Structures are given as structure tokens and as C-alpha cells.
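Labels for the chains are A, B, C and D, by order of writing; each one numbers its residues from 1.
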Amino acid sequence: MWAITRLLAGKDLRVEMRSRVIINQVVPFAALMMVMFAFALDSDTVLARVAPGLVWLAAMFSLLVIVQRSFALEAADGALDALRVAGANAGGIFLGKALALAAQLAVLEVILLGAALVLYNSHIVGSGIALLVGTYFTATAGLAFVGTLYGGLAVGAKGRETLLPLLMLPVVAPVLIGATRATEAALGTNGATATDGWPWVGLLTLFAVVFGVGGTLSFGSLIDE
Amino acid sequence: MNPLINMDTRATSTRFTSALGLATLIGLGWLAVFGLFLSPNDRVQKTGVRILYIHVPSAWLAYLAFVVTGLASAGYLWKRTRSLTLDRIAGASAEVGVLFMGITLVSGSLWGKISWGTYWTWDSRLTTTAFLFVTYIGYLAVRDLGGSHEQRARRSGVLALLALVEVPLVHFSVRWWRPLHQQESVAKGKLSDLMLFTLFVGLVSFTLLYVWLVMHRQRVAALDDMVDDGGLDRALADRRSEGMP
Amino acid sequence: MTAMLNAGYVIGSYAATFGGIALYTWHLLRRARRAAEQVPPQDRPWT
Amino acid sequence: MEPVVELVDVVAVLGQFPVLAGASLRVARGEIVLLRGPNGAGKTSLLRLCAGLLVIRRGSANVLGVDLVADRSAVRSRVGLLGHSNGLYADLTVADNVRFWGATIGASADEVLGAMQRMGLDDRLADVAVSRLSAGQRRRTALACLVARRAELWLLDEPHAGLDAAGRDELDAILRAAASSGATVIVASHELERAGSLATRVVEVVAGQVRERAL
């Protein structure tokens, strides 16, 4: 199982290295979202206040795009069939895809957070760095697991472009809430302090564990006919 | 013509469901009469309390439906109790649950308009309910994806179990997010005997309604599956005669 | 005035609830009849 | 000897359509069986079924001693399937693809290299992205991935399509060598002249069913 995980994650990252779709298309899309939020909200004080929420909202919409891309790769030339015929462990496929997804998402989130600091005039407080890192890892893992799980379910289905957001967005709502609150605590938004944030990291961890385990166990029955 | 009385078609009806349907109809009629006319106004909530007689039972029904969906799905996924009937019950129950969750949201927001002066607040119970509603709409969409019956059952079974784990996560995250949630409004214990009785009538008749609806919906699903399978024989005959003179 | 308005909300909620139930039931029984036409009665496990 | 493939009255559907309508087929070890028949007759489905990818609605199927009705997944790692699609990642290079598919089935780097050479893949192609290859070169790459698998049962869907004369000869030689070393080969092909000389037996697939036919 771990061998196929490593193989698949390596393969997905290599595809991204060669095609640069995420770097050339998804990152600009996410940055554009951050600018559009500023147009829509049109107030520096409001922007500074809602910056953490906007970062994670943009991350979530970008996740939808990355998941579509990740599974379009497998569907394009029948690679998913070939993986199944190769007898690849389904749990391994799940973890491999999720790992690559998490790595791509992680890079994207750093850029989004940087954009928020520059565009929305937010600041990281010194005591919040550990919290921010904790939030970042747990939320990214949770998002990647959910994305892979539902992406695999929708792959090959008719109308998958529209089905995926319907299935995924309600499920990632706790991540949006948890990551936003924890990031607010780390940035000191609205006078929140770092200690307010740690329970949220606990929730994010629980979320990631539930969907990581659930996905590894059930992925085989989701992608099989 | 009331569709509930129209039992003579015998499509998915049996003597049992007909009797159950009749009992449900009487219960619902009784509920309407008691809820709208016979029960008194509440001291605090005035006439708004009347909405609770249908709101609380429909919310109860919806939650019951989703629990049944989860249990039936678990039953399907567990190898020793695997049967497509359980899968169809899960689907039937989820559909009825979505209907009543929608009804609950409508009647709840009307009640909120009377009691709080607003249709919606971001209170944990309301928000969780709204998320459940959307989650199970997605579940029903996945059931419609096509493929074999077994594939449908497997996919949607996994999804139902994930949704079941998801509910507490959503609930608690929303609760921490907005700690200042509304007080439990029904459990304040100021209801008169007649009010409690009306609520009781509501709960009983909605539970009967749930059983009646799920039995029928499950049988419709069984018929649909049989039509699919029976269609196979015809399709096979067509297929074999391809290219024949 | 508010009493009138509130009565409107109450009636509205009853109409939505019972209307929703009736509509769904009608739809369900119609589906049942349609599907049953294609399956002979002896094949239905509940008859 | 126990047959490698034994299908009895197999029915399989795609959506509502029965792609296989009671197909029966017996293939012994070492055979090279040619499936022929009109488009849409069910050749592709027959191959996918043997690879454990299709749900069996009726009938029984046993491939390499595995009961496909009970457990389809157990047979998958032991067969090699080349379908209509090549299963290649267009953004990766030829070498990346062959290495990836080799690794998924546990083939060593040398075996993969050898397979590429046997399929006449130029060393200069190794670092070219698959998206820039011609259809024939892609087919050769996919075949190299398949050769590296050393499967017990080879299932090939129109393997000659898109290949030039040299490629076809190489493929035929590889299939003969595989069969003589104990593997079993089932080929669906329109190239009757060529495949006919390759096959030990020709089987006609018509309307989702199988009819034996003498050479």
C-alpha cells in the first residue's frame, strides 16, 4: 500500500512539474479571487477583519479546481482502469492522490496567506506562529482527504463538474469554520489570542483523521464498478 | 380526491399500508384541528406556538429518517446482512428525510419570524439542519448516477456513513463558532396539558406518516429495480437478434 | 395588526407542511402506479 | 488441464445495454485466440470482463482459476490489458510513464528498459512528453508497459492499430514468444490477414455472443 502511495504522489507531482497547470492557472485564479474580494467588500477595516475567512474560502474554491484536474489526469487516457488492472491497492491510490493534492494545496495556501498579508494589511503576531503552522497542516490534510474522496466518487460520473461542489462544499464546512477561527487567533484578528485557536486545531485534526481513515477504507468501493 | 384515500390501485399498497394510511390521515386531520383551533394560545409565544405542533414533529421525522438511512446503509455494507432491500430503504428514507427537512426549515423560519422577528439566525441547530439538508440532496444525486444496483448501494452506503460522522462535526463546529445560540424554546415546560397532547398527536401521526411514506417509496424503488432487471430480458433478446436476417 | 400577520404565518406554515406532504404523496403514488404497470402483480414480494 | 479462461453464458451490461448477452468461451494455456466481429459486437467488453473490470450479471466466469463472480479484483494483477486507450499520462515523458507503470507491477528498471528496446522505442524518445508522440509511438509505449508486466494472460484490444509494418512484426514476435513461454493471449483485431496467421484459433463475436469458427 505504501509503495503505491509513494509512486502515485510522486507521479502527480511530476505531472505538475512538467505541465505547471497549478502554477500557471490555479495560482493566478486564487490570487484573482483575493483581489475580487477586495472589490466586493470595498473597505479596509472590513477586509482586515475577514481576511482569514477569505484566505480559506479561496483555498476551498481552488481545491475544487485542483481536484477536478487531479482526476481528469487519471480519466483522460484510461489510467484509472490501468491502475485497477495493475492490482494497485485502492487505499494506496487514495493516500497517494491525497498526498499530492495536499502538497499542491499547501503551496497555494502560502501564496494566499501572503496575499492577505499584503493586500488586506493583516499581521502575524509572534505567539501565533506555532498555531498558524498547526492549523495549516491539519486543515490542508483534511481538505486533501475530502477532495480525493469525493473526486474519486465523481470521476467518470456524468455531470461531475457540477456534482463535485454539491457533494464537497457542505462536507468541508467544518474546515472552513475551524481554520478561519484558528487563523484569526493566530493573526490576532478581532482581538483573538493564540490560546483561542488551539481547540480548533483539535477539531481540524479530528476531521482529517476521520476522512483519512474513511477514505482509505472505502476508496476501493467508490471507484469500482 | 385525496391521494391518501386513493388506495384502490394496489400498486404498492397492501392491507397493512392502507390501514396505516387511514390512521395517518386521521392523525393528521386531528392534528390540524387541534393545532389550529382547539389548543389555546401560549402566554409568551401567543399564536406562534401553533407552528411548533407541526414543526417539531417534522424535524423529528427528518432526523429519524436520516438515522434510519445511516443504519440501513451500515446494514448493507456489513457483509452478513447485505441486501438491496436495505439499500432501497436507505434511499427511500433519505428522500423522505430531505422532504421533511425542507418543510422543517420553512415552518421553522416562519416560527422564527413570529418569535424572534427574523426568518433566520445562525444558531447551531438551524445551521446544522441546513447543512444536513444539502448533504442529503447530494446523497440523492449520487444515488441517481446510474450503474449497477450494487454499485449504487455501495457508493451511497459509504456516503451515508460519512454523512453520519459529519453531522456531529458540523454541529460542534457551528456551536463553537457562535456560542451565543438561542435557548431551547420548547423544553421550557410552560405548555398546558392540551398543548402537550396536541404535540403528542403531531409526533405520533408524523411517525405513522414516515412509516407509510418509506414503505411506499421503498416499494416503488423495488419496482423500478425490477423494471430495470426485467428490461434486461427484453434487451438481451434484442441484443441476440442483432445482425440476424 | 401583528396578530393578523402572525395568524398569516401560522396558516402559511400549515399550508406549506400539509401541502408539501400532499404533493409528495401524490407524486409517489403516481410513480408507483406507473412502475407497477410494468411489473406483474405476482412478482411483487409484498402481494 | 484446467482452462485459463472459462466463461459460461456471461451477461454483462453497460448502463441498461447488455454488451455481453450470454457469451461462452474456453481458452487453454498457451493459445493465441483471435476475436473478430463487427463493431459493437462485444469484443472490447469480453476483454475487459476477463480483466475483472466488468460486473457479471448472469452466468459464471473463471479466469486463471479465479471465480470472477465471487471476487473480480483477485485476477487483476495477473492479467495484462491493452484497451482502446493507452493509459499513459500525456504530460510525462515516455521514460516516466514506463517507469511508473513498471513500478506499479513491481518490474525492475532493467526489465522496463528491455521492454522499451524490444518495442523499438528509440532512446531519443525517452525524454519526450507523451503528448508530443504520434499515435503509433504511443501505442508502442503502451505495449512496452504491457510487456514489462509479464502477465499470465494477455488481453489486447486492436493492438495493431496505428502501428507501422515493423511495429506489427515486433508485436507478433512478442506475442508468439509470450505464448510459447506459457502465457495465454487473446487479441481482438480487424487485421484478419495478419492476426489470422498469428492466431491458433479464431473466434467470432456477434451480438454479444461467441461463436467458434474454424481457421
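Here is the rule we use: a residue touches a chain if its C-beta (ideal position, glycine included) is under 8 Å from a C-beta of that chain, and two chains touch if they have at least 3 such contacts.
Model, not experiment: these values are computed from the prediction.
Asker: Could you name the chain whose CA centroid falls nearest to the centroid of all protein CA atoms?
Answerer: Per-chain C-alpha centroids ranked by distance to the global centroid put A first.
Asker: Taking the mean of the C-alpha atoms as each chain's centre, how many Å separate chain B from chain C?
Answerer: Going by mean C-alpha positions, chain B sits 12 Å from chain C.
Asker: State, to the nearest whole Å, the distance from the C-alpha centre of chain A to the C-alpha centre of chain D.
Answerer: Centre-to-centre distance between chain A and chain D: 38 Å.
Asker: What is the distance, in whole Å, between the centres of chain C and chain D, each centre taken as the mean of its C-alpha atoms?
Answerer: 53
Asker: In whole angstrom, what separates the CA-based centres of chain A and chain B?
Answerer: A distance of 32 Å separates the two centres.
Asker: Please set out, as single numbers or ranges, the residues of chain A touching at least two other chains.
Answerer: Each of 224-225 in chain A touches at least two other chains.
Asker: Multi-chain contacts only, two chains or more: what residues does chain B have there?
Answerer: In chain B, 146-148, 151 touch at least two other chains.
Asker: Two-or-more-chain contact residues of chain D, please, as numbers and ranges.
Answerer: If we look for residues of chain D contacting two or more partner chains, we find 55.
Asker: Kindly provide every pair of chains that touch.
Answerer: Touch list across chains, by label: A-B, A-D, B-C, B-D.
Asker: Which residues of chain A touch chain D once you look at their complex with the stated criterion?
Answerer: Residue list for chain A touching chain D: 3-4, 7, 11, 14-15, 18-19, 73, 76-79, 81-88, 220, 224-225.
Asker: Quick one: which bits of chain D touch chain B in the complex? Just the residue numbers, please.
Answerer: Where chain D meets chain B, its residues are 11, 13, 15-18, 21-22, 38, 55, 57, 206-209.
Asker: In the complex, go through chain B and note every residue touching chain C.
Answerer: The touching residues are 2-4, 6, 9-12, 14, 28, 32, 35-36, 46-48, 50-51, 54-55, 58, 96, 99, 102-103, 106-107, 110-111, 113-114, 209, 213, 216-217, 219-220, 222-224, 226-227, 230.
Asker: Under the definition above, what is the set of chain D residues touching chain A in their complex?
Answerer: Listed in rising order, the residues are 51-55, 73, 76-81, 83-93, 96, 100-101, 103-105, 129, 149.
Asker: Quick one: in the complex, what on chain B touches chain A?
Answerer: Interface residues on the chain B side: 131, 134-135, 137-138, 141-142, 145-148, 151, 154-155, 158-159, 161-162, 165-166, 169-170, 172-174, 176-177.
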